[in-house]
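Same chain, two partners: chain A is paired with chain B first, then with chain C.
Here is the complex of A and B:
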């Protein structure tokens, strides 16, 4: 049962809403918890065991660390001044071991399910190069759905408890709900405990307003996925799977189409996810903020998959840049070469760690690692050359605040993103380079006609064009901070309903579903 | 209360809109001749009258395993899959009635797996699905919007009102089938339920009355077929004098279960369907009864539909 399955939004969610409303406020979070486990069982069946083990480990470790903090506070109250430091250090050391042990326990599952195959393959390749006649068997097994997402959430919970940002939750089912909440378990957003705990355990009754607003958001998500992403998938699937038979122009379009497809699929899923949570009065963080209006790659990543970016910032970037070895290096450079170079180096080291992990998080493959390092390089180059570009613009009297320059930056950033996504979608790194080579060496406008022979006809393109214009309009309004749903809600009923009917009928009539269509698999669910 | 009423009105209007648009998108050929409800129920009514040579009737094994467009492309015979998931024999009877009334085909192939399905064991949602498909057929015909958008660009208009897949469902998933001993010889016989034997007799009588050749076919299926069922079907086929083609015996289609199934040997995927369709085309060719229509201008829409079909499959 995916979020785009009719069974999800027309059967599962309404049933949960009815049961949830029947029970008293106190019981409602428990209902959400049970619904989440049922949803997970549908998806991952017996693999739910691994989710439960993770939850149990997080709960117990969190409680343990918080009880140590409590004991520490009590001991500090009675301790003499000179003993306080020792008590603090002792508790901190114990907590560190608990934290590391639990993180390792959870990351071990992630490693086993997601990376063992890849690293076994790499080891075998290395052994082959070294002429060692040993070949390890590659273990293939299905991973528990959303393992990459809930593992990151689990780590954030533990680290925040470790840093005493909050006291670990006493009730087991509440931790379970936080880590397994059915709208977020498959593709995020990666939430923080403090961020959602204020609404997720509230148990507010599903109101008519929340129900309507939630379903409006779900409808937008369905439109993005079924009308746009699934239609583009016809073209993208063919061209990426058989790239050698297509021209450079077709492959360039394919990279653009894939980027649009990915955005529509992922942001559409987020609309369904956030809309579902909204029905229950739960506020989830946004994962996208009009990324294609970004003027550089750094900004793009602050608008695209926001919750992943902030997770890496808080739990990798800052800890690495503030770590003792990095501090040593940067202090040394600061003394020798000045503050600018030292901050560049500090940023570079932390960014390298972030993008290595970001690439690997997206998947176990060389092309995912390449994808990570590609963005690392672009961001680093952006940081290095920013002052130079500013100087050049000043000399050439180019006003960097003008709309024309912004448009140029947006186009430049988009092209860089398209290239990155080409490698991201390519079946292997080798194929990614093969596609790039064809784009650069075999590009001719004469091949324009080929675009109409790969499953999409002129009417499909017309439909896609109109649909993307609608999404662009919505994005512009959002960028201007206009609350579209509030605006629609303020219109007379006939106008309001007409808009809803139009959206629903557009999905049903223009949706790419049924015989002949292969819907996009939930892309981020695989990560 | 006010909000509940508003919701009911909203959903009511939505249903009216859905049903109205559904019927706008139905194949016009069928609507004029057979009315909207019947056309919505039977996809074959969207085809020109008496234009189909062969009809394949049955359950998901038929719509997963036989692609009429592949038969058309290789042999020039027109065929159609009249199949629904978990189809019952009484429904097959109705399908055959409609097929004969609208197409008067020369051959009707009936999937023998249906002979073992009893109405008391039908899935819980069977009637619901059937109701929904009949009265809100938009999910089958929604692609016909192309007929109304940019009508002067007519690259799809000629066939956008008919099903270019002719009842076939294109699925490329693959999951290896492992039960390679599923057709080990056995003397045991799995009896066909009495109720179904009566329906089979009725189907046979209907076909004989209309001079249509009826054949029983067992398409490759590792999960639901075995030698006992083969014996049971053979027994009844011999008794009634119906030709029985069991394609599970000796694997004449040369199905490779490692790549040709979408779900571990239950249904064929597109690769398997191509092989089975080719085999059936060859079989029909050997009968010498059918003619190749590929260069017949009356069947031009089939050539055009094939272009769309092959374009979809790229």
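Here is the complex of A and C:
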């Protein structure tokens, strides 16, 4: 049962809503917890055991660390001034071991299910290069759904308890709900405990307002996925799987189409996810903020998959850049070459760690690592050359605040993103380079006709154009901070419902389903 | 506070640090500038800023940054 199944939004969610509303306020979070476990069982069957083990480990370690903090506070009240430092250090050391042990326990599952195959393959390749006649068997097994997402959430919970940002939750089912909440378990957003705990345990009754607003958002998600992403799927699949028979022009379009498909699929899923949570009065963080209005790659990543970016910023970027070894290096550079270079080096080391992990997080494969390092290089170059670009613009009297310059930056950033996504989608790194080579050496406008022979005809292009214009319009309004839903809600009932019916009809009539179409599988669920 | 304002103005001359109250949320300070700022603050005020303190609420205005420095100095 995916978020785009009729079973999900027309059966599962309404049943949960009814049961949820029947029970009193206090019991409602428990209902959500049970619904989440049922949902997970549908998806991952017996693999739910691994999710439960993770939840149990997080719960117990969290409680242990918080009880140590409590004991520490009591001991500090009675201790003399000179003893305080020792007490703090002793507790911190113990907590550090608990934290590390639990993180390792959880990451071990992630490694086993996601990376063992890849690293066995890499080891076999290295052994072959070294002429060692040993070949390890590659173990293949299905991973528990959402393992990459809930593991990151689990780590954030633990680290935050370790830093005493909050006291670990006492009720087991509440930790279970936080980590397994059915709308977020498959593809995120990666939430933080403090951010969702204010609404997720509230148990507010499903109101007419929340129900309508939630389903509006779900409808938008369905539109993005079924009308746009699924329509582009055959073209993208055919061209990426058999790139050698297509022209450079078709492949360039394929990279653009895949980027649109990915954005529509993932942001559409987020609309369904956030909309579902909204029905229950739960506020989830946004994962996208009009990424294709970004003026550089760094900004793009602060607008695309936002919760993953902020997770890496908080739990990798800052801890690495402010770690003792990095500080030693940068202090030395600062004394010799000044603060700008030392900050650049500090940032570069941390960014390298972030993008190595980011690439690997997306998947176990060389092309994913390349995808990570590609963005690392672009962001680093952006940081290094920013002052030079500013000087050049000043000399050439180019006003960087003008709309024309912004448009140029947006186009440049989009092209760089398309290239990155080409490697991201390519079946292997080798094929990614093969596609790039064809785009650069075999590009001709004469091959324009080929675009109409790969699962998309003129009607499809027309529909895609109109649909994307609708999405662009919504994005522009959002960028201007206009609340479209509030505006619709303020209209008379006949107009309001006409808009809803129009959207439903658009999905039913123009949706790319049935013969001739292959729906996009949940892309981020595989990560 | 004056010393802090001097550091901030040197790092980001275009921003009015006395008035601005959304330095992080408004993207006036990016991650790299925050790293430079932390490095400068640690040197100038003899404090250690732990990663757990690097949250927008502590860096959104010069006043908030100053409060953080004072708190860390007391600790």
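Here is the rule we use: the second predicted complex is superposed on the first by the 527 of 527 C-alpha atoms of A that agree within 3 Å, B and C clash if a C-alpha of one lies under 4 Å from a C-alpha of the other, contacts with A are read in each partner's own complex, and residues count from 1 in each chain.
Basically, contacts are C-beta pairs under 8 Å (C-beta built on N, C-alpha and C of every residue); 3 or more make two chains touch, one makes a residue touch a chain.
The structure presented is a predicted model; accordingly, all values stated were derived computationally and were not measured.
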First (chain B), second (chain C), both or neither touched by A:97: neither
Touched partner set for A:332, first chain B, second chain C, both or neither: neither
First, second, both or neither for A:322, with chain B first and chain C second: second
Chain B versus chain C as contact partner of A:165, first or second or both or neither: second
Partner chain(s) touched by A:510 [first = chain B, second = chain C, both, neither]: first
Partner chain(s) touched by A:340 [first = chain B, second = chain C, both, neither]: second
In the complex with chain A, residue positions of chain C that touch it: 27, 30-33, 35-36, 38-40, 49-52, 54
Of chain A, residues touching chain B in the complex: 208, 234, 238, 453-455, 457-459, 462-463, 497, 500-501, 504-505, 508-511, 513-516, 518
Residues of chain B touching chain A in the complex: 3, 10, 13-14, 17-18, 21, 25, 138-140, 142-143, 145-146, 149-150, 153, 155-156, 163-165, 168-170, 172, 309, 311-312, 314
Residue ranges of chain A touching chain C (in the complex, touch as defined): 163, 165, 298-299, 302, 313-314, 317-319, 321-322, 330, 334, 339-340, 342-344, 346-347, 350, 383
